[in-house]
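Two complexes, one shared chain (subunit A), two partners (subunit B, subunit C).
For the complex of A and B:
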C-alpha cells in the first residue's frame, strides 16, 4: 500500500514537471547541441549546410572584425562597471542617511531600469543628435557624439550607466542597511570619522553585495545589445561600438554566416561561464561577519 | 526559455532586507551643511534621471514645424497631439504592435507562471527518484545566456515553418523559466507541512492542494514573478527582432526601432513612439512601485 502510494506520488511529480522539462530540453539544452553542430558547418540558410570541421573556429579567430568586437566589449565593460558601481554606491550612501525624501529619490532613480533598453536607446539617439538634439542644445556645442569614433563608445557606455545606476543603488542600499548598528556605533566610539568608517568598516562589510553587483553587471554588460543597436546601428563609426552581441547579430542575420556566428556565440558562452565559475569560487569562501 | 532580462547564472542577492522600511544608519541629525550637500547631489541625480523622459515627451507633443525651426529645449507651443494621431493612423497603425505585445505578454505570463508553479511544487514537496538530479539540470540552465540560444532557436523554428508567427514569439518562454521555478521552490518549501497533510487527510488531491492552499499562501512571490515577467517581455527586443519580419507580428520595441530607422530625423513622431513604449510600464510602476522595488531586490532580475 505504502509503496503503491509512493509510486503514485512519484508519477504526479513527473507529471507536474513534464511541461517545464519539455521547455528546458527543447529551448535551452537542445539549442546548445544545435549551436555546437552549427559551429562545425557552413550554412547561409539557403543552400544546404556543409560540414567544415573546425574551419569556422580558425576563421573567427583570424577575423579582425570579431577580434575588434572582443576589444570593444572589454572596453565597454571597463567603462560601464567601475562607473556604475561607484555611482551606485555613492547614491546609496546618500540615500541611507535617513534624510526625508530618500524614498522618493530611490523610486525615481529606478525608473530607467524598468524601461525598454531599446526605447531608451532611441530617446538617447535623439538627445545625442548633432542637429536638433538636446545635448548639443544644453552644452551649446555642435558635436557628432555617435558618429565620432572617439566619442561613440563613451556615449554608448554613458547611456548604459545612466539606465543601470538606480538598480545598482538598490542593492547597495540593501547592503548598507544590513550592516548592524552596533558595528557602526563601535567604530564611532573608537573615534572613527565618517570617511574612515566608510573605507575601513562599511566597504569591507559590503563585500558580498559588491561581488553580486559586479558579477551580474559584468555578465549583462558582456551581452549588451538593445541600446547599442538603437544608438549606433551596424557597429557604429569604424566598428568602434561593435560589441560581441552586435557582431554575432551582424554575422548571423546580416551576413548569414550562421556557422561563424555560432562560433562567436560559443566563445561568449565560455567567457560567461568562466565569470560565473570565478564568482562561485568566491562565494564559497566568502567571509561572514557573524555577531552572535 | 529564461526571461530575456534575467542574466544567466544569477547568484541570489546576498542580502535582501525589506527595502521599504529603511532603518536609519546613523541616529541623530546630520549637520545642516551635510544635509544640503546631500540634497544637492540627490537633486542632480533626479534631474539627470528624469530629464530624458521629460525632454522626449516635450518633443512628442511639439509640431514637426516647431521642432525644425526652434531650439531643442524650447517649450512646445502649440501643444499638439498630431504625432500621436499620425502614430495611430491607418498608415502607421501602432495599435497593431501594442496588441501583439499585449497578447505575447499575457500568454507568456500565464504559461510561464502556471508551468513554473507546477514544477516548483514538484521540486519542493513531492518525493521522486530523479528529483535532485533534475533540479540540478534546471539550475545549470541558468548559466545559458540568451545570445547563445538565439541562433539555434532561430534555425530550428524556421525549419519548423514557425518563423514570423505568434507561436515563435511565445514558445521559447511559455513552458516555464528555471529562475522562476527556483524562486517558487524556495518559497513552497516554507509552507507548513501540517496544512498540506491536513488537506490530504480531507481527501484533497495534489492539484486541489496546490490551488486552494499553496497558491493563496504564495501571493507575494506570484505578484513578484508576474511583475518581472511583464516587464521583461514588454521590453524584450532581440528575439522578436530576429524571429519576425514585416509588420504583422512586430512588437512595440521592434516597431519603435523600425520607425526610428525608417523616419530618421522625424524625431517628433519617433518620440511619440517611445512615449507609448514607456507608458504602460511607467503606469504599472507608479501603481506598484513598492512591490516592484522589492521584487528587484528579491530576485535581482535584470
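For the complex of A and C:
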C-alpha cells in the first residue's frame, strides 16, 4: 500500500516538475548539445552543415581577434567588478542608515537596472556623441569618447557599472539589515568605533552576500553584450571593446561562421564554470557565521 | 547583462548563465509565420519583408488593389530596419521564419541563390520580364538564372545642396570637379572649403580657421559606400572589385580613398568619422537641420530631404573626377522564399509586383524609382508636381556607372573590412596601408 502511495506521490512530483524540466531540457540542455555539435561542423546558416572535426577549435585558437577579445573581456571584468561592488556596498551602507530621502535614492539607484540595456545604450550613445553629445557639452570638450581606443573600454565599463550598481546595492542592503542589532550593540559596548564595526563585524557577516554579488556580477560581466554592442558596434576602436560576447555575435550572425562561434561560446562556458568553482572554493574555506 | 540567479544555487547559476551564452549561437526551432492555409486554401496570407518605410506605405496601397482582384489572397508587409536586415534575414531563412517574399540587395543575394534558398524567377514571369530595367535583370542573374523581381532602381548619385548657403558663398554646384593629383584642376575642394564655417564665420581655407569649433560643414565625406567612396573610386578610374575579388587597395582606388579621407581629416570640410562611422544617417540629419551645405546621396533620401528640409534646396551632379562622373547604380529585387508553403499565391504576388500596374504605387508617392520601366513616369511626375527637379539622378544612371559590390560571402567580407575602414576614416591608419590590410581580410573572408 505504502509503496503504491509513494509511487503515486512520486508520479505527482514528476508531473509537477514537468514544466520546469521541459524548460531546462528545451532551453538549457538541448542548446548546449546543439552548440557542442555545431562546434564540430562548418555551417553558414544556408548550406547544410559539414562535419570538420576539430578544425574550428584550431582556427579559433589561432585567431588573434578571439585572443584579443579574451583579454578585453578580462580587462572589462577587472574594471567593472571592484568598482561596482565597492560602490554598491558604499551606497548600501548610506541607505541603511535611515537618513531622510533614502527611499527616493533607493528607487533612483535601481531604475537603470530595470531599463532595457539596449535602450540605455542608445541614450548613452547620445551622451557620448562627439558632436552634439551631452558629455562634451557639459565638459566643454571635443572628445571622441567611444572611438578613442584608450577611452572606449572605460566608457562602456562606466555605463555597465552605472546600470548595475543599484542591483548590487539592493543585495547589500538586504545583507546589512539581516545583521542582528544585538551583535552591533555588543560591538559598540566593547568600544568598537563605526570604522572598526564595519571592517570587523559587518563585512565578515556580509560574506554570503558578497559571494553572491561577486559570482553573479562576474558571470554577467563576462557575458556583457547589449550595451557594449549598442555603444560600440564592430568591436569598437581597434577592437578595444570587442568582448567575447560581441565577438561570438559577430562571428555567428555577421560572418556566419556558426561553427567557430560555437567554439567561442564553449570556451566562455568552460571559463565561467571554472571561475565560479574557484570562487566557491575560496569562500567555502572562510568561516561563515551562522546566525540562525 | 542582467542576473536573476537565486542565492545558494551557485553552480547551477554558473551553468545557466554560461548556457545563455551558448543559446545565443543555437538556432531557434522553425515556426511557420503568416501562413494560414495551403496554396489551394480559400484564404492564403502572403508576407513580404522589406526595409524601406516609404516603400512599405506604397506597397500597402498596391496590395489593397491586388487583394481586390484576388479576394482569396491577403498580403502583409513586415518592416525590418536596414542596419540589421541582412543579419536577421539570414537567421530567419535558416530557421524557416522568413517571409514568403523578401527584398534582397545585389551584394547579399548570392549566397541565397547558391544555396537554394530562393525560387527561380522563371517562365511564369515571361509576360512581365520584358518590362524590367535590363541592368537590374543582369545584376540579379547568377549561374544563368534570375533570382528576383526588380523593384527599385536607385538611379545614380547626386548632390543635394542648401541654396542659401551656396549663394552666400558664391558657389555654383553645376560643374565642380575634383582631382587627387593636380590641385589646380580641383574646384570642388575650394567650394567645400568656402562652405565650411567656424564659429567666427571664417571659412576652412582661411589660415585662422578654427577647426575645433565648426558650425557649418561643406560636404558629407564619410564611410558611405553607395553615396560617397564608390563614386570617387569610379570617377578616378579605379575599381572596388574584379569579379568577386576585392581590389580596392589598387593605386587609383587608394587615391580616391585618400582624397575622401583628406576632406575629413586634413581640410575639415566634413565632420569627423567618429560621428559617422557607425551612424549612416548622421549627415542626412545634419543636412536637413541646416548644418551641412552639400549632401551627396541617392533617390533613397529624396523623400526624407523633401519632408524634412525647411529651407530651399536643389540637386546638382556629383563632382567630376579625372575620369568624369562615374556613379554607382544599384537595384533592389523582391525574391521568393524557396521554403514558402504556398508557392502559387507567392508567385502571383510577385507577378503583381513585377507589373507596371502593381509597381506604379512605388513611384506615385515619390518613395523610390520603380524598376518596372513603364511605371517609372509615376516617380518623375510626382516630383515634378512638387516642383523638384529629380533629373540629376536619372542622368547619373545614364552616364558612366560602376556596379555595386557582389559576392557569395559579401556579409563576412564587409564585416572584415569595416573595422579597418573605421580606422582609415578616423585618420589613425594610413590609407594605403589600411586598404591593403582591409583588402586581404575581405578576400580571406570571401573565400573562406
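As a working rule, the second predicted complex is superposed on the first by the 251 of 292 C-alpha atoms of A that agree within 3 Å, B and C clash if a C-alpha of one lies under 4 Å from a C-alpha of the other, contacts with A are read in each partner's own complex, and residues count from 1 in each chain.
Just so we're on the same page, a contact is a pair of C-beta atoms (placed from the backbone, for glycine too) under 8 Å apart; a residue touches a chain by one contact, two chains touch by 3 or more.
Keep in mind it's a predicted model, so treat the numbers as computed, not measured.
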**Request:** Go through the superposed model and pick first if A:178 touches only subunit B, second if only subunit C, both, or neither.
**Result:** first
**Prompt:** Of the partners subunit B and subunit C, which touch A:256 in the superposed model: first, second, both, neither?
**Reply:** second
**Message:** For A:265, using the defined touch cut-off, is the partner it touches subunit B, subunit C, both, or neither? Pick first, second, both or neither.
**Reply:** both
**Partner chain(s) touched by A:31 [first = subunit B, second = subunit C, both, neither]** = both
**Asked** Which holds for A:45: it touches subunit B only (first), subunit C only (second), both, or neither?
**Response** both
**Asked** Looking at subunit A, does subunit C or subunit B touch more of its residues?
**Response** B
**Asked** For A:107, is the partner it touches subunit B (first), subunit C (second), both, or none of the two (neither)?
**Response** first
**Message:** In the overlaid three-chain picture, which partner chain does A:224 touch, first (subunit B) or second (subunit C), both, or neither?
**Reply:** second
**Message:** One more residue to check, A:96. First (subunit B), second (subunit C), both or neither?
**Reply:** first
**Asked** Of the partners subunit B and subunit C, which touch A:273 in the superposed model: first, second, both, neither?
**Response** both
**Prompt:** Considering each complex separately, which residues of subunit A are in contact with subunit B in the first and with subunit C in the second?
**Reply:** 27-28, 31-32, 34-35, 38, 45, 113, 117, 129, 167, 208, 211-212, 215-216, 219-220, 223, 225-226, 233, 245, 248-249, 252-253, 258, 261-262, 265-266, 268-269, 272-273, 276, 279
**Asked** What does subunit A use to touch subunit B in their complex?
**Response** 6, 9-10, 12-14, 16-17, 19-24, 26-35, 38, 43, 45, 90-91, 94-99, 101-103, 105-120, 122-127, 129, 132-134, 136-138, 162, 165-167, 170-171, 173-179, 181, 184, 208-209, 211-212, 215-216, 219-220, 223, 225-226, 229-230, 233, 244-245, 248-249, 252-253, 258, 261-262, 265-266, 268-269, 272-273, 276, 279, 283
**Message:** So in the complex, the part of subunit B that touches subunit A is made up of which residues?
**Reply:** 1-2, 7-11, 13-17, 19-20, 22-27, 30, 35, 38-39, 41-42, 45-46, 48-50, 52-53, 55-56, 59, 67-68, 71-73, 115-116, 118-119, 121-123, 126-131, 134, 137-138, 141, 143-156, 158, 171-176, 178, 181, 206, 231, 234-235, 237-238, 242, 252-253, 256-257, 260-261, 265, 267, 270-271, 273-274, 277-278, 281-282, 284-285, 289, 292-293, 296-297, 300, 302
**Fill in**
subunit A residues touching subunit C in their complex are 27-28, 31-32, 34-35, 38, 44-47, 113, 117, 129-131, 142, 144, 146-147, 160, 163-164, 167, 208, 211-212, 215-217, 219-221, 223-227, 232-235, 237-239, 245, 248-250, 252-258, 261-262, 265-266, 268-269, 272-273, 275-277, 279-280
**Message:** Could you list, by residue number, the parts of subunit C that touch subunit A in their complex?
**Reply:** 1-3, 5, 7, 10-11, 13-27, 87, 90-91, 93-94, 111-112, 114-115, 117, 212, 271-275, 277-278, 409, 411-412, 415-416, 418-419, 422-423, 426, 428, 445, 448
